[in-house]
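Consider the two complexes below, in which chain A is the common component and chain B and chain C are the respective partners.
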Partner chain A sequence: MTPAVISLRSGRATARRMASLAAAGRLLRLELKRNAMPYVLPLLAAVFFFDTVRTADGFPPVWTVRASVIGDHMLFEFSAFAGGIAAWAGSRERRRKALDLVASTPRAAWARLSVTLAGTLGWLLLAFLAGVAAIYIPTALQASWGGPPLWPVLAGVAGVIAVTMIGFTCGVAVPGRFTGPLVAIGVLVLYQAGFREALGLTASPASSGTFALLSPAGAVPSVDAGVYHHVAPDVSAVQVMFMGGIAVALLGVLGLAAALRQPAAADSLRSLRALLAGGDDWLLRAVAVVLVAAGVAASWTAYSLAGTARLTATGWQIPALHDAASDRPVPFIPDCTSGPRGFKVCVHPAFSGYLSEVATALDPVAAEIAGLPGAPVRAEQVASTGTWPSGYGPSRTAGNPPVFQYSGEQVGDLFGVFWGIPAGDWPDWRAGFQQGLLDSFLTGPPHPAAAARTGPAPLGAAQQAVEDGLMIAAGSQPPLRIGQRDHPGGQITAAASRFASLPASARHAWLAAHLPALRAGTITAAQIP
Partner chain B sequence: MTATAAVLKPAPARTAGPGRAGVRLAWLHIRSRRVPAGVLALAVCGGVLHAALHWHWAFGSGPYAQQIPMITEAGAAAVITVTSHSPFGETERATGRWLPYLRLFAAAGMCGLAIALLQLGAAGESLNEGILVLARNVTGITGIGLLCSLVTGGLLAWTLPLGYLAFCQYALLQGWTAPWTWPVRPPADRGAWICACAVFTAGLLLLTIRGPRTRLSDEE
Partner chain C sequence: MNVDISGVTRRFGRHLAVAGVDLETGPGVFGLLGPNGAGKTTLLRMMATVITPSAGTLRLLGRDPGSYGPRRELRRRLGYLPQNFGYYPGFTVAEFVEYFALLKEMPPARIPAAVTAAVERVDLGGKARAKLRTLSGGMLRRAGIAQAIVNEPELLLLDEPTAGLDPEQRVAFRALLRGLGEQATVVVSTHLVEDVGAACTEVALMDAGKIVFHGTPAELTARGQGARAAGDAPLERGYGAVLAEVRS
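Showing the complex of A and B:
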């Protein structure tokens, strides 16, 4: 064979491949044009705006918190429409009574269905990624620290693909007018059942169901999630593997769909051989079987891995996937400022928008107790410990010199401290910070950092009166604590008023003299000047 | 009588009374709309509701408790709206003067049946907010679907109920009080009842008068 002939043959093969690609591109373009999804997009966009965008807007501009709406809200809306519309697209050949017509085309059923699937999936993924951009772009403009997390996006994309594959396969296998809505409803019920499990998740996945960890929806993370430590991608990776496995297996099922419609032989082994050997392209069918096996194996592996997960201080970890390097704290330089009276307050740079509010709140009460034994010399934000709904660790004063440590979740009795509460519009927010600082000051001397995990004990009547008096003197109205009742005759209120009306120097002197007794609980409210 | 005469003698006409003909007409109508399969789909919705309540897939109380019941109710409403699709289109409209009444009774009957089947699914289990909210949700969301069928046709009329469902999941968690978000309102809320019934009445009347949108390509 001469080089010229080889070159000619090679050129023809290339031309054939190009023509084939061009035909596929033309088919895909037609499919994108004729797909039902664009007609549903306005409705999906409206629901997305009302639910996902508005929810994200209500969250503080912290990347991990804002990204949580992808699994918790966005995927719900996309699941409803992805499942239904994919089933609608999958049942099209039957709906148009074109089964016999398309069966005579020189293309494998798999290729034909894949184009329809690709068109539907293309629209859905385009819409999904546009939705992610609608969440991430405002966050990028507002966030003062960090960068966009990609794992929630990947898990969301895997979820959309899996739901689309489920819907499409159901549409191909059971074409009918009820398939679309029933698939959508089934997917939504599965989603909500997973969400229910995820909210009830305890420290051991074995006791509360592995399904809970595989659910992309879950509890809203703490406000500083991903701020002090990286969020380990273990659970997201397992979710992607699980849902990706489902999608791959169903893609294989689609390849076998035409053959599966034939009545199965009694002997399953002979049936499998017939399935592989029958028809015009046994290779495609063998690939389909491999895909089914690979998909099932991936999903099963992911399920097994999720069962080994354990809860640590930095979140869920799966030993087989975990990278110990991700456990290291994320380095940062805190944003600090001092109030007019010199009390230094620091926050994590992700929450720098709250710095002046916190400093304004703490500075007056810190000045009231400045110089007394155990009085904090500064306040700093630390990582919140614990999870919702079991509760977060309390604020405390620890170290030498004493430092008031608070988290973005809880200060004293105030919860959800940095959850976008407009501090200036809500006096109780400021008073909550002051209470938190005074609680730990009045109930005892500062502990070493390691021993200060339990937080301050409940205040006695005299301690409460002194705290209220200090807050009144600082210009705040003490908020009533949950379950708090004054003593008969309003002893606490009266003592607080008396104490607040004293000159600042007299208050300070009395505290200096009686602080140990006050902390020990041996002073009554009536003894307060 | 010759053989020829016997052959030519007209066969005795099958005397079908107006009642029997009416029943046959109604049966043909509901069969053409796949109502029997629709009843099966409604039973599936009832079964899902029963399973969700029995195995505690749903929350027992609080705002989340209404989520899965609402999904099954929206699913039942979607099934009802899909049965409004006719495979005959314009031809059928031109021939039958009973068609509007058949549409009316089919949709209303399916709605009643859906409420009954869902209630049956919830029997013996603790259904959050009870049968009244279930009935209100099914009627109201069915009304939305029937209105949607005038624009999209019956086969895609399930999209708007699902969109409304997704929106109501948000309204539920945000504690909306607007009467048009009736799925999140308590059973005795008069405004919610008025809104749900108004939407259902409007949808049913317009479906009765105009019928769902039909296109030649809408076949099944």
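Showing the complex of A and C:
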């Protein structure tokens, strides 16, 4: 062959490829233009707004917490719509009785169906990514630290693709006008089951199976996730692998089903065998079989990997996928301020928005005990001492000089500030926070072994009366402690009122003189001035 | 011969729909007549490569549709309008025809002009942008014909193409058929005898899965002369006479 002939053939092949691409592009344009998805978008948008957006708005502007709505809420809504619409699109040829017409055309059934699928998937992914933007853009405007996590988005995209493939394959296999709604309901039930499993996993990891980890749904993560420690992408990676495997396998099934669903195949087993032997191009069938095998292998591998997961203080880790670098703490420079009486308060920069609230709450009670032995010289936010997800761990005073330490949850999670309730509208938040500081001061340093988990010991009657008195003096209403406080007019309440009515200097002097006895429990409420 | 069918049989379970049909035809308009259930649609579906024969051989446009490569080549040169014409109601006429032009793997650069031409030929130019769900039955049928002819097929298979057309449209359609038959082989399955008389150069009559007559419309008309067959027109009497003779 001369170079000129080779060049001519190469040019023709390129032209054929370009023409094929152009034709696929035009088919996709038609499918996008005439897809059913735009008709249901307003309904999906409404559901998305009232559930996902409103839930995200109630979360603190911490990236990991806000991103958790992608798996917990958004994917739930999108899955129902994706499954139903995809089933509707997949059943189109038979539902519209156009099978004979399209079967007489040269384009392979698999290619034809793939373009219809791509049109539906294109709309769904566009809507999904727009939804992610609707969550991430406000978060970017509000968050004071960190950046958008991409793994939840990847897991969400994989979930949408997998559900779309399931719906489309159901539509091709069982065409009918009720297939779409039935698939949508089925997906909802499946997702709910996965959600319950995921919640069961977080509550009782030992008794749960691996299925729950493969579900993108789950509980709201600790606010420390992605703040003090990296969020290991292990579980998200396994979810992407699992759902991606399902999608790839179903794409292969679609390739094989395209041959099986030819009209002749339904006629007899003999026709079926004939179609399998000589239906479409052998290469297409081989590719379809490879895709099914690869998809099943990927999903099975993901399932096996999920079985090796172990729960750590920072969340689930999968040894085979885990990067030790993600165990290192995230470096940060705290944001600090001082209250009107000079008490220094520091928060993690992700919580800068709450700095002034915390300083305002702690400053008056810190002033009441300033200079006394064991009184904190400053307050700082630290990572939760509890093990996720069972508990946050208490606030405590530790170190020399003493420093009051509290976790992100104490800043707002427990008392409503994170969930959109202004601190001023929730007096118990302020009182509870002050109580945390006074508890550890009045009981003294806890035993080192018990400090991490149990925090300060329960207060005695005299300690309780002093704490309540200090809080009343600081302008707060002591919150009710079940089993510890007496009735109004009782001994503790009376002692607290007496103590609060003393001049600040008298309270301070009495505490300076009697603090060791008070901590030791040798003073009674009646002895409080 | 553009159509070369030899001993073709098609079974659906125990039912024998087509029983050993032999047929040869070249360019021109070929009419396939017969009563309901005679096997016309099954024969056409086999010729459209939608279903495979249970026995026998087909060679269409010189190709064996049983093999993947030749079948694909054949389908590029094929136009088909099924009896139960399924359509996508959300598509416009032009989009529907374009969709099938793309499925028929026409060169993309040729498609816009081909779509316009096909839509004009069936007199739907004014409705090109109308959605199919808004069209009448006759217009839908014409949209179906437009998708069948958009690739200028060498073999055009039309199953009951005039069903739903009004008399004026049927006259226009017959003229269209004659024009198409000058270059291609057009096989028209119908039970409307007057369509055959007006447009076809050749005709076959099927009954109970077999071809019981193959000739020209004039020859079919001649079979009715002197016979006591029912029918208002000469061709109808020929049709009736052949069927009566076969069934007696």
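To be clear about the criterion, the second predicted complex is superposed on the first by the 473 of 529 C-alpha atoms of A that agree within 3 Å, B and C clash if a C-alpha of one lies under 4 Å from a C-alpha of the other, contacts with A are read in each partner's own complex, and residues count from 1 in each chain.
Note that contacts are C-beta pairs under 8 Å (C-beta built on N, C-alpha and C of every residue); 3 or more make two chains touch, one makes a residue touch a chain.
Predicted, not measured: the structure shown is a model, and the values here were computed from it.
Enquirer: Give one of first, second, both or neither to describe whether A:Arg107 is in contact with chain B, with chain C, with both, or with none.
Expert: In the superposition, A:Arg107 touches chain C alone.
Enquirer: If we overlay the two complexes on their shared chain A, which of chain B and chain C does A:Arg26 touch? Say first, second, both or neither.
Expert: In the superposition, A:Arg26 touches chain C alone.
Enquirer: Looking at A:Trp88, would you say it contacts chain B, chain C, both, or neither? Reply first, second, both or neither.
Expert: In the superposition, A:Trp88 contacts chain B only.
Enquirer: Using the touch definition from the top, say if A:His73 reaches chain B (first), chain C (second), both or neither.
Expert: Touch partner of A:His73: chain B, not chain C.
Enquirer: Could you look at A:Arg34 and tell me whether it touches chain B, chain C, both or neither (first, second, both, neither)?
Expert: A:Arg34 sits against chain C, while chain B stays out of touch.
Enquirer: Have a look at where A:Ile185 lands relative to chain B and chain C in the superposition and call it first, second, both or neither.
Expert: In the superposition, A:Ile185 contacts chain B only.
Enquirer: Based on the superposed arrangement, let me know which partner A:Leu99 touches: chain B (first), chain C (second), both, or neither?
Expert: Touch status of A:Leu99: second partner only.
Enquirer: Residue by residue on chain A, keep only those touching chain B in one complex and chain C in the other, then list them.
Expert: 36, 96-97
Enquirer: Hey, which residues of chain C end up touching chain A in the complex?
Expert: 11-13, 45, 48-52, 54, 66-68, 71-73, 75-76, 78, 80, 82, 84-91, 95, 98-100, 102-105, 107-109, 111, 147
Enquirer: With touch defined as at the start, can you tell me which chain B residues reach chain A in the complex?
Expert: For chain B paired with chain A, touching residues are 34, 37-38, 41, 44-45, 48, 52, 56-59, 64, 67-68, 71-72, 74-75, 78-79, 82-83, 85, 152, 154-156, 158-160, 162-163, 165-167, 169-170, 217, 219-220.
Enquirer: Considering the complex alone, what residue numbers of chain A touch chain C?
Expert: The touching residues are 19, 22-23, 26-27, 30, 33-34, 36, 92-93, 96-107, 112, 262-264, 267-268, 270-271, 274-275, 278, 280-282.
Enquirer: Under the touch definition given earlier, write down the residues of chain A that touch chain B in their complex.
Expert: By the definition above, chain A touches chain B via 36, 39-40, 43-44, 46-47, 50-51, 54-55, 73, 76-77, 80-81, 84-85, 88, 94-97, 176-178, 180-182, 184-186, 188-189, 192-193, 196, 199.
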